[in-house]
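Note that chain A is present in both complexes that follow, paired respectively with chain B and with chain C.
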Partner chain A sequence: MSDPKKVLIIDDDPDFVNAVEALLQSSGYEVSAAVNGKEGLHLAKTQQPDLILLDVMMTERTEGFFTLQELRRTPGLTNTPVIVISSIYAEQPIFRVSPEAGWLPANLFLPKPVDPGRLLEEARRLMETAPAATGGRRDQ
Partner chain B sequence: MKIRKIPKSNLDLFVSVLPAFGELYAPVRRGKGFAFDRPSRWSEVQISYPRTILPPKKFLLPPREVTFRFDAKDGFRSTLDEAAKPVVLFGVHPYDIFGLNILDRVFAQGKFKDPYYIARRQNTTIIGVDFEPDEKHFAYSMNAEFVDSGFDLFLSDIGDHYLVLVGTSRGDDIVVMSGCLMEEPTEDDFAEYKRRSSRHRAAYKSRVELGELPEIMEMEYHSKVWDELGELCLSCGSCSAVCPTCYCFDIGDELELGGVPGSRIRSWDSCLFKNHALVAGGENFRHSRASRIKYRFYHKQRGFVAEYGRPSCIGCGRCAECCPAGIDIIKVLETIRGEGNELRNGSTGATA
Partner chain C sequence: MASPTMHGTVPRKDNLVIVIDDDEIMRLSCEQILIKSGYKVETFGNGHDGIKRIREARPPLLVVDIKMPELDGFEVINLVRQIDPDLVIVVITGYATIETAVDAMKAGAYDFLPKPFTPSELRLIIDRGYERWRLTKEAQRLRREKEEVEHKFVTLVTHQLKAPLVAVKQYLDVLLYSFRDQLPEKGAEWVARSQVRLGEMLTIIQDWLALARIDRGALCDSSVTTEIASLVTEILHDQQPPPGSKDVTIEARVEPNLPCVFGDSVSIGLVVSNLVSNAIKYNRPGGKVWVELSSAAGCVVLKVRDTGIGIPEDSLPRLFEEFYRVRSQETQDIPGTGLGLVICKRVITELGGSIEVQSKAGEGTTFEVRLPIAEKKTVSEARQLHESTPGERK
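Take a look at the complex of A and B:
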């Protein structure tokens, strides 16, 4: 039997983390969590997850964007699938640059609140289509 | 020129989308100084800083670069593609943009064009920002306190907002992409820009008189000042390294073990280094420290004027800040003009 796939959640909202952690664990995934970008980068480097769920507004409101840039230039993580899950467009209505405009190097953007069924489906799809360290399809 | 404005409070959102145009570099703290580096979060970006330790030339003329690789079987392979990696430099001061424009004259507009420099320049997005001059800046005297070209966007502080000057079509692309964050400026904004522009010019504490300087340097070619300067100068080359417009380089081949494949390396050189003027046969026509630092002053303040119509110095103050012997270019030029007799500033020892 193969090892369970590893998912890293980087989010400062404990309620969100607990809920998503339970959801993913019930589907057989191994889950770890970090509360900010710095801790998330450290865990990503040491654990080499198969998928990263990344919040944007944490200690700083653009922290997730910068964290994503650093993930993408870290050897071994450049192609790790990342789903950005954020309410930034709802909370910062002045910010209307679409995640599909080519500036966000994530595989997918999902607005909060996220539908659990959709999240599980996208997580499974991205981990299946992204062989370890060889690249995931970016279809935001 | 298209002009917009952006609230300072939204600069973090604006900077977040810049990676669409290349890898983002911005001024961040580095020890006691500042350096252009990749910020890991917005709060690391220092929008107000006196000067960076190294100027942005390090992105266009890297301290060390492989220009091509070779081996006996396949011939040589150019690294030009590697030089063309898109980069965004955010927060570049106007005198440093002026410095890049001077490098353009040498590497991109001269008789011998440098494809590596040109590839990097074309793939580098420059977003400038204005600054408060400190006691070492004399960019106003060097006519480099303002630029009207060489940048894609330029941000000028007008209070709660930055006025955004669009310098290129790429700059316009950035504005279009982040358009929701931009606003139309008003007549009051323009009035504030003009007020601050006047205040900026008046804020320069250090000034250098450029009038007749080339002629005076001709007259002072045999001055004892150069010998005194040679006694002080350590020939460490720090001033060349931090200078936005020093561009001397050395070329050498490095062979891998086995001696067949290898690389051609271009790396920074300095006219202050003892072997800079060493030629075949062992002759060195700038053997003394005095002759080397004299050459540096003559090239920047005299020779460049003859070739390009202006000194290559842009008044950033980096050489005075980093010199371990405390040599201060402003004081040297005052002494040469007969208006002073000091060559050093009060403090000795690099602060950068």
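Take a look at the complex of A and C:
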């Protein structure tokens, strides 16, 4: 009945992208991927995904942070749920940032490698509780 | 580098010798002797001018007379040591008593030369002093390079070593989660084993990186405060049972209205999660873990007690050594890096606290951590601090 939900992965590791793409596709999501922040922003604007998975340390150590801030300044993407997935959270198990924290406005942080069950569960939850994301798509 | 010969020249950079002596004849003869050996020489008739020049030029060597009007040699030594502790100072003295020589050396002179001296005696001492200066500088350069390499190595490990492991583990995780039904039975079993082994390796890298960060001063921040009660509650809530854990129940007892402690939530969190994860790992099937937080004498006390296998008495003193693990029948199948308690101890020491352990083999272990209370910080102030800290951590 409804179109499959769209997930955008922004990550510079092609193998990580491959694995997570397979996971999401096997759960019925439509997946696209970008290898850097710039390409990611472009795809996010043109495809209006329902969820974005974002790496932090790509070519630049903090590329993900800036990408996220830029996403939040882009009309139509200000409320799209974003999960930051990075191995820096695995080193520091309680690297905690509240979602309201202005400097890193992600909805959720997950350690990398990401637990498949946890990712699917959180993805479902975030897409269900993000009315503005679908609102953004209706604007088109 | 060839060592300088008695009459050979020493054509080097950084070969300036400052000579301070109120006696003009001494100044001239020192200059002539040392120029012949390849040094650049500048002479000064009083301490003030010489010190001024040392401040500008940062020479390797100073030759200074002890007995001078205005500033004497000892005063000059004291002042120039403050400008450049590496400056090699040779004292020339007319009254060559053991006492003056000893005093000069005590004040920081490298060597002394009694008057009258021969040209070759001066050259010998200056050449030796120069060699000493050169070696000091060389050692400093090597130390800096070593630190640089270590720092780069940490970055290298983070990215180059960890990223491939993460990618491989991610494949295996998804393979087992989404495509398990397509795998032969043996395949699924081996993928599961590979996940565990990769996980062990990632833990070693993470522990090792945490230690490197503590060494660089990049992990523990005692200028901020943490609301330890809610941190512990949150960690217990999120704590994943370590692989192979045996149905252990955790009971928490937190004293109400506990004050904040000094330290950032990341490093304190490392301590809490390491101790709790140990208490689960080294427990027995169906065992218990008690986590207690209370306050006592300027400290918040964290107690982690378990009903586990305990630690043999002879192992207790070695518990906080790097890579040390208790070896026994019971521990051989428990994965661990031997770095967890080292991290705990290092973090707690950096934050001005203490850690103690009591254990009885076969009965259980209690770790007791004390962290200093951060006075006059209300919970809401701490929360603000706490939310602004993670940005600086890398």
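Note that the second predicted complex is superposed on the first by the 116 of 140 C-alpha atoms of A that agree within 3 Å, B and C clash if a C-alpha of one lies under 4 Å from a C-alpha of the other, contacts with A are read in each partner's own complex, and residues count from 1 in each chain.
Quick note on the criterion: a contact is a pair of C-beta atoms (placed from the backbone, for glycine too) under 8 Å apart; a residue touches a chain by one contact, two chains touch by 3 or more.
Worth saying up front: this structure is predicted, and the values here are computed from it rather than measured.
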Query = For A:38, is the partner it touches chain B (first), chain C (second), both, or none of the two (neither)?
reply = first
Inquiry  = By the touch definition at the top of the document, which applies to A:116: first (chain B), second (chain C), both, or neither?
reply    = second
Task = Applying the touch criterion given at the start, work out whether A:57 contacts chain B, chain C, both or neither, answering first, second, both or neither.
result = second
Task = Scan A:69 for contacts with chain B and chain C and give back first, second, both or neither.
result = first
Inquiry  = Looking only at chain A, is it chain B or chain C that touches more of its residues?
reply    = C
Message = In the overlaid three-chain picture, which partner chain does A:23 touch, first (chain B) or second (chain C), both, or neither?
response = second
Query = Do chain B and chain C land on any of the same chain A residues, and which?
reply = 61, 92, 94-97, 101, 103
Inquiry  = If we count contacts the way the header does, which residues on chain B are in touch with chain A in the complex?
reply    = 10, 12-13, 15-20, 23-24, 38-43, 177-178, 180-181
Key: Of chain A, residues touching chain C in the complex   = 13, 15-16, 18-20, 22-23, 26-27, 57, 61, 87-88, 90-98, 101, 103-104, 112-117
Query = In their shared complex, at which residues does chain A touch chain B?
reply = 37-38, 41, 59-63, 65-67, 69-70, 73, 92, 94-97, 101-103, 105
Key: Contacting residues of chain C [partner chain A, same complex]   = 159, 162-163, 166-171, 173-175, 177-179, 202, 206, 209-210, 231, 234-235, 238, 265-266, 269-270, 273, 387, 390-391, 393-394
